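Worksheet: the structure to be examined is printed underneath.
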Amino acid sequence: MELTLALAIGVLTGSGVWLILRPRTYQLVIGLALLSYAVNLFIFSMGRLRVGAAPVLGADGAGNPADYADPVPQALVLTAIVIGFATTALLLVVLLAARGLTGSDHVDGRESH
Amino acid sequence: MSRVFPYPVLAASLVLIWLLLNSFSVGQFLLGTAVAVVASQAMAALRPAKPRLRRWQLIPWLVGVVVLDILRSNVAVATLILQGDRRDRVSGFVSIPLDLRDKTGLAVLACIVTSTPGTAWVEYAADSGVLLIHVLDLAEEDEWVTLIKTRYEAVLMEIFE
Amino acid sequence: MERYLLDLIIVLPFMACLAALLLPTDSRAPATWLAGVTTLACVGLSVLLYPSISGGGSLQHRIEWIPSLGLSVTLRMDGFAWIFATLVSGIGFLVVLYSRYYISAEDPVRRFYFLFLAFTGSMLGFVLSGNLILMVIFWELTSILSFLLIGYWHHSQAARDGARMALTVTATGGLALLAGVLIIGHIVGSYDLEVVLASGDAIRAHQLYVPALILVLLGAFTKSAQFPFHFWLPNAMAAPTPVSAFLHSATLVKAGVFLLARLWPVLAGTPEWFTIVGLAGMASLVLGAYLAMFQQDLKGLLAYSTISHLGLITLLLSLGSPLGAVAAIFHMLNHATFKASLFMAAGIIDHEAGTRDLRRLSGLFRYMPITGTLAMVASAAMAGVPLLNGFLSKEMFFAEAVATHAESWLDTAAPYAAVLGSAFAVTYSIRFIHSIFFGMPPKSFPREPHEPPFWMRFPVMFLVLACLVVGIVPGLTIGPFLQVAVSSVLGAATPQYSLAVWHGFTLPLAMSTVALVGGALLYLWAGDYLQRAETAPLFGRIQGQRVFERVTVAISWRWARLVEEVFGTRRLQPQMRLLVAAAIAAAIPVFASGLSFGLHGNERMDFAFSGLWCVGMICAVAAAQQAKFHRLAALALLGGTGLVTCLTFVWLSAPDLAATQLVVEIVTTVLILLGLRWLPKRSEALAEPGGTLDRLRRFRDLSIAVLAGTGMTAISYAIMTRTPPDTIADFFVEKAYSDGGGRNVVNVILVDFRGFDTLGEITVLGTVALTVFALLRRFRPAPDSIERPEQQRIQWSFDEAEPGREAGATAAEYMYVPAVIMQWMFPVVIVLAAYLLLRGHDAPGGGFAAGVAMAAGFILQYMAAGTVWVEDRLRILPVFWIGGGLLLAAFTGAASMLFGDPFLTSYFQYAELPLVGKVPLASAAVFDLGVFSLVVGATVLMLIAIAHQSIRRLRAVRHEERQQWN
Amino acid sequence: MDWARHLLIVPILLPLVTGAFLLLVDELRHTTKAMISLASTLLLLASDIALMRIADGVPPGAGAMSSAYAIADWPAPFAIVLVLDRLSALMLVLTSVLGLASLVFSMARWQRAGPHFHTLFQFLLMGLGGAFLTGDLFNLFVFFEVTLAASYALLLHGSGAFRVRSGLHYIAINLASSLLFLIGVSLIYGVAGTLNMADLALRLPGVPAENRMLLEAGAAILGVAFLVKAGMWPLCFWLPSAYLAAAAPVAAIFVLLTKVGFYVLLRLTLLIFGSEAGQLTGFGGIVLLWGGIATLIFATSGVLASQAMGRLAGYSVLTSSGTLLAAVGIGDATVVSGALFYLVSSSLSTAAFFMLIELVERAREPGADLLAVTMEAYGDEADPDKDAEEEVGVVMPGALAVLGVCFGCVALLLAGLPPLSGFVAKFAMLTGMLNLQGLGNPVEIPARIWLLVALVILSGLAALVAMMRTGIRIFWAPLEEIVPRVLVIEVAPIVTLLALCLFLTVGGGAMIRYTDAAARSLHEPASYIQGVLEPGASGAAVR
Amino acid sequence: MTHAENLPVWVALLASFFLVLGAGLTLAGAIGTLRFRSFFERVHAPTLGTSWGTGAIVVASIVCFSALGSRPVVHELLIGVFITVTTPVTLMLLARAALYRERAEGSGAVPPRLTLRRPKGNALQDESSDSDR
Amino acid sequence: MSADILLWSVTVAQAMLVAAMGCNTYRLIRGPRAQDRVLCLDAMYVSAMLLVLTIGIRTGSSVYFEAALIIAVLGFVSTVALAKFLMRGEVIE
């Protein structure tokens, strides 16, 4: 399981990095989206993996840390998701504006080579 | 009353949903009612076409029929997929002139047709009221037309018109 | 008491220059009076202070400034400083008097006097400062002010260039001086002049002596226009003559040699000093004099002569002998007097005859006999004619030149150089006089020359008189003051010397005679040639300023641009590449040291999970590969990856993450689709030809990507397989319910334990939404995406083609049935949102997921029925949702401060309601409500702002149509 | 109850509330919004100064007051703490001063160039305040994001092709570096199990050897993220264009963004990887030093090579980044103290420069002021910002002279020439570098420090040459003088900032005493850690 | 699976049956998307999953949790309902979009709009194996 | 006993559902047409929701219900948007 997730993180990172090194703004957006998946999973993995141990306490509310997955990385990921969503939206709109103003969808606003 | 609950049926079902989601308790009932009021107010703001349920007692029957039909065609399509393509199977479009005009009724019909494996709602001409569906296993074409018209459309027209 | 008078000498000029600002722009008389009185007052003050230093002691006033850095405002007046202070303020006064007539009313008089007074103040500060850093400060100030004074007539190109060159050279020197002083401070451990002067041996012995020396000398040589930094001075002659008379004779250029003399006890006496200083001095002496002969510009001639005379002083100081120092100091004063008077005379001539060109000037004596006489006497002093002050110091110079100090060729060359230099001096002095005042009567002057007003001539007269008196009875006049000055510099080493005019028939006398006669003969022989010479032979080719210009342009422009282009970029991809590379590099140590994997929880192997991620990875790679030409496909594949991510969260016990990721997923897809409408299709046809270089680039990027991926895999695997440390999480799990009042620990963290993060996070979301909104208000679609999308145009044409069907019916018909269901889902979505919001504290959900869900509900309506339809039914004011939500969250947090608890402290308790039972009431829930409100507002604002572009586009199109109609 | 202890939250809460409230005020009521924003910023300045006095231990009684503030009243390593010490207080005051200046400047025109200017501006202030105060790594990330989000908004404020293109680069790079930030923080959490800086510093020595490498990797990745913000070569190429593109008041406040990166690097290297971190001592110092040197070289050549004044100013921001980074790299208290002085001085002067540039540009081509605002405004009849051109306020008499003087002052400040604070700052740093043990007890000086000294001096020279070239071209060369329409409220902030520089020179002693104390306390992490983890003991210990 | 220890066996069997049935139908549908040759045939496949695929698994879940909590837990029904209500929207829109794209490209594989004006319905054979490429 | 039965069946079910997602992925990538991709994305959502339910059964906890519910109620929003984009080239008119 750990190995699977680690590989997944690696592949997502790889694809994302490949895309953010491309010249098209849309590729940039998709790349950053993929990267933020990878990073979210990475943060999440920092709390180690638990199956069937969701940090939601029982009716009595008594919490024995050993029985639950680490909630802190989950909280961090939640924040990261929100911020990632916001920034994706922003980048998208900026690339639309750039497309409109420069007439090109190259990240530099003009075709190189 | 009707200003608080512009759509009583809707409100009722919303409360039901709420109770299902949480738990059947007085507190949740009150809370659910409050939520339902807000939700149906929001709905009212959209001013949708208000459906009139004339013969709602037919609904359970319809549901039963549909569930069984769906189950049957599930099996049919599943076998059709799993045993591979028979060469003689032909699929195709069938156009059905509908008399049902009520939007809600049409919506329900759409749900039935779509949820039934083997038939797909493709196009409905609002002006002529003709419905175009795609049928996966087009053995006897008229059979489909009658099926839709008699088995579903008639009931729906009874319920909604 | 004296200490405050000392301060006053410096404070006065600066006060006055501030006062000058208050005067009206074109107020000549008051400004002159102000400046005159100030300078005179400074003279008076230094006269008053003479008694307190005449004993050979020094007067100090120390005001702490930055003690920890050894920087204090220490004013220190000893004999040397005193005589310079007097000289500066005295000549300053004369220059004021002179410029009263020289500066015309058209010029910005106020600015002139402002700068003049500021300069005087800085110069006085320089000579009087008792702290090396303070000295440097005033030094730089003089450079800056001289820049402004030289550029006073900045409408002329010459003035601008001259000023720029002067500042560049002198400021560079100043920075070098600063470095030198810092090193001295490092050696001595203090910047205090007294301390530094006391620790000469330590400095000379230190390994950093040579660098310090070189840096200090750089400062001195640039300032005093010593070879090879002499070239700026002639170009500075574009300055108004009073400025030249003040700066380029008595003050600014003297600062360098003053510094050399000041630090003479500390730095002098070593072979390095002897060689470097000697070379520079000798070169300047001879070269300056030589070039002076060939000048056709009156002031140019004087400028080169100044270089030569300063070279003489430098050479004297280089010798390292006390007597040499005496001579140097003496010549500083003498040169100041005659050169100032000569500049002023030159100014008068320029003023009267309207030109400074020696070739056009001639026979002026009949028009201005008095000025002529004065000029003659002054230039005689410059040439070193007996009975004038110049003669005395030059005799001393010759005496020193003859005497041997250190066995080196410099030593043997010194006498010859001295004679040669003075011979040239004689020549150019004669030429100066002869070609201006004698020869044929003037042919064409711009205007008829005549004697200037008395008060304009007065300063010249006064100075010439000084030359005479000192030259005839030195012992009675300058003697005692010189003694004080010299002893204050040399201290115990002060030698015996006599200021007599007549020492008998000595070698120096012979040398003077040779120089005088030789110079005269040279003029007789080559006078006409000099008159016609365009440039000086031999050295005419080497033109300092041209070299300077070339070097500056090369360094400060070409090289700089080269560096910027080679080591920088303005394109995004290289920057991204560097960023990733940096991150990889940062992680290298881990792998270098060998990364070990643990065994924690590694026994589990779930095939379904692996299969799931096979799907996820394939989607990711495919998305990466499709993103260029098949945007929609890439988007769908991205959705696939996101879905798998959500499932992972579910699988690995993070239901909140799953819920949130899901709603975000959905909204993001819609968002990007909304954007895609404004990004016209890319067809494979546009693919740029993939050359070998291109393929290499792609390979490089691919390997970077693979490297990054591998690194992340390794690190995350290493962490996951290690046993976790004891984390702060345990606390949260234990306290979540008992103290936080919630069962969903993650949610309790978000709204309570770390609610502060959430507050910041929603601020980010709100900010971004506002940004998107602002940006789209100014949105201008690309020309190729202004018109309706292709599909709509085709469907439009279909409708028109079909009889009895109005155009645009397809659109309506398309959503005819689906819209019904989409509308009926609206209240359901609202219920869902309410559920997620209210259950959040105990079950997965929370304000954020609820908010996005709610927003999705709104978007659904927009998709079903279109913007116009929705907006005349629902008035959503997203900005208010944002503002209200933020305020609600912030105030919920702040409320706790009313109870004296820190910000965001949460309260909860169970209220007992009739027939309802226990109802949990937590302030955190209100906070979450704020979050909800903001998220709804922000999400709706972003999506609808994009959606509105279609309407705006339509409006724009209609606008254009209207344009075409009329 | 004492309200004083809640003072720590004010720099974050006040701008937040103001910004949020301004959203409820109608967009067309510019004046109202401006006045509210202005009042709030003034209040912010006041409270920041109060905080500075507390941090500095005046009035003496206040020493007892806790300078660590546990948000939501949870015990220290678990909760998010705000920590006040001399350094953070200094940065806060600097923030509010620059904020006030650029706010006043923007009231003449820029506030109308796009919607919600004041809200976004307040959020920027909030983000900066949070970044300077927080004692929690992830919370630091959040406030970085707040700052960045607001900065994106303000950078794009007014739209226009160049602005959008540079904005795209700026955003893309900062998004990537934010991801690095996340990776770093989570990695540190995964190894050390905490997010609180003080707690982390405490746990570090106990980290088992086989995990230390991972921890270092996390820290290094974090460092890359900060270096992007601080603008270290070769991660700094986005900066000049971005600053050139930004509207004048925005660029002025942006000057602080690089300083945030520097602040965090300083804080973390000295706290976490400082003396108490066992093997990790002096982590990355060499990288910072050489990176700073490289930045300095690049920035210096950039300063010389730039024609547009905005780019010149951008490169001088880089110059100061390079200097500061190298100073952190050396890390000795004397140097750091000088560096802090330099930070203040250079921030004030570059901010003044950015605002000055716009006014000067007006003098060069008339109507530039209108262009600046309605640059490439969308030519739609529904353009909401048609009224943007019309200006409010009194026109400045004798504008050109005033601008000339200001320009001269800026030139002196950038070149580090006397009499303004630029010189004092440079002198303080150089003295620090040459006398690491303090003046009077000389120690051997390594070659790299000599190199740095030389570069610092040369960069000053380069600035002088470039500024002289520009100044002559603008103020001396033109034959007919175009007197620009310059408003008093545009000149006032510039003059104020320059006056502050003068004040810094005169009051250099006091300032250096303060920075010395700040630097010394940075070198004693123990007191910081104690102040955070047991605030009861003595909050005053956090200095 | 500790929680399932004390489940009656028949409950376990019932739940398992529905689980496998639902998953099987869904898989069958997915295979259908691979097998069918034209889009309009593929449209039918997913409905296996959305109809009884979902239904069966929902039932399984209901059975399981009711047994675990020893009380009727029926909120999973909502999932079935909502899926049934929402899927048609997607498929309708998608099918029609495909229809129009075909028409726009003038492929004969789909009936022209005129067929919808005819009073009486009739079938149009669809020979296109994969003509809509 | 019953635990084993349930575990076994859940594992099989999960394997089948993942396999289903795999099939969908094939069309998601291969297409051939955009509508095929969208169709399969929608199918994937459903399979994912069912997978969530199975996980719920497996862990015997109801905390995963919300995720499934969200897919059921809102899952179609994105596919609707995609479909509309295909049809009209514009999601919101």
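The first chain written gets the first letter, and so on, giving A, B, C, D, E and F; residue counts start at 1 in each chain.
As a convention for this text, contacts are C-beta pairs under 8 Å (C-beta built on N, C-alpha and C of every residue); 3 or more make two chains touch, one makes a residue touch a chain.
This structure is a prediction, so every number in the text was calculated from the model and none was measured.
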Each chain counted as touching chain B and chain F at once: C, E
Central chain (distance from its CA mean to the mean of all protein CA atoms): D
Of C-D and E-F, whichever chain pair has more C-beta contact pairs: C-D
Centroid spacing, where centroids are CA-atom means, of chain B and chain C in whole angstrom: 74
Centre distance in Å when chain A and chain F are each reduced to the mean of their C-alpha atoms: 20
Separation of mean Cα positions, chain E and chain D [Å, integer]: 58
Rounded Å distance between chain A and chain C, as computed from the means of their C-alpha atoms: 40
Set of chain F residues in contact with two or more other chains: 14, 17, 19, 21-22, 38, 58-60, 63-64, 69, 73, 75, 80, 84, 86-87
Set of chain C residues in contact with two or more other chains: 570, 572, 576, 580, 635, 651, 653, 655, 712, 719, 724, 727-729, 732, 754, 757, 761, 764, 768, 771, 775, 778-780, 791, 795, 814, 817-818, 821-822, 824-825, 828, 839, 843-844
In chain E, residues with contacts to at least two other chains: 24, 29, 31, 43, 45, 50, 75, 78, 82, 85-89, 91-93, 96, 100-101, 113
Chain pairs that touch, as defined at the top of this document: A-C, A-D, A-F, B-C, B-E, C-D, C-E, C-F, E-F
Chain C residues within the chain D interface of the complex: 64-71, 133, 136-138, 140-141, 144, 147, 151, 154-155, 160, 163-164, 167-168, 171-172, 174-175, 178-179, 182-183, 185-187, 189-190, 552, 555-557, 559-564, 567-570, 572, 574-576, 578-580, 582-583, 586-587, 589-590, 593, 595-596, 712, 715, 718-719, 722, 724-729, 731-732, 752-757, 759-761, 763-764, 766-768, 770-771, 773-775, 777-780, 879-880, 882-884, 886-887, 890-891, 893-894, 896-897, 900-906, 952, 955-956, 959
Touching residues (chain side chain C, partner chain A) in the complex: 570-573, 576-577, 580, 600-602, 604-606, 609-610, 613, 616-617, 620-621, 623-624, 627-628, 631, 634-635, 638, 641-642, 645, 648-649, 651-657, 660-661, 664, 667-668, 671-672, 675, 678-679, 682, 688, 701-702, 704-706, 708-714, 716-717, 719-721, 724, 727-730, 732-738, 743-746, 749-750, 754, 757-758, 761-762, 764-765, 768-769, 771-772, 775-776, 778-783, 785, 842-844, 848, 938, 942, 945-946
Residues of chain A that touch chain C when the two form their complex: 1-24, 26-27, 29-31, 33-34, 37-38, 40-42, 44-59, 61-65, 68-72, 74-75, 77-79, 81-90, 92-97, 99-101, 103, 105, 107-108, 112-113
Complex contact set, residues of chain F against chain E: 1-10, 12-14, 16-17, 19-24, 26-27, 32-33, 35-36, 38-40, 42-43, 46-47, 49-50, 53-54, 56-60, 62, 65, 68-69, 72-73, 75-76, 79-80, 83-84, 86-87
Chain C - residues contacting chain E, complex: 791, 794-795, 798, 802, 810, 814, 817-818, 821-822, 824-825, 828
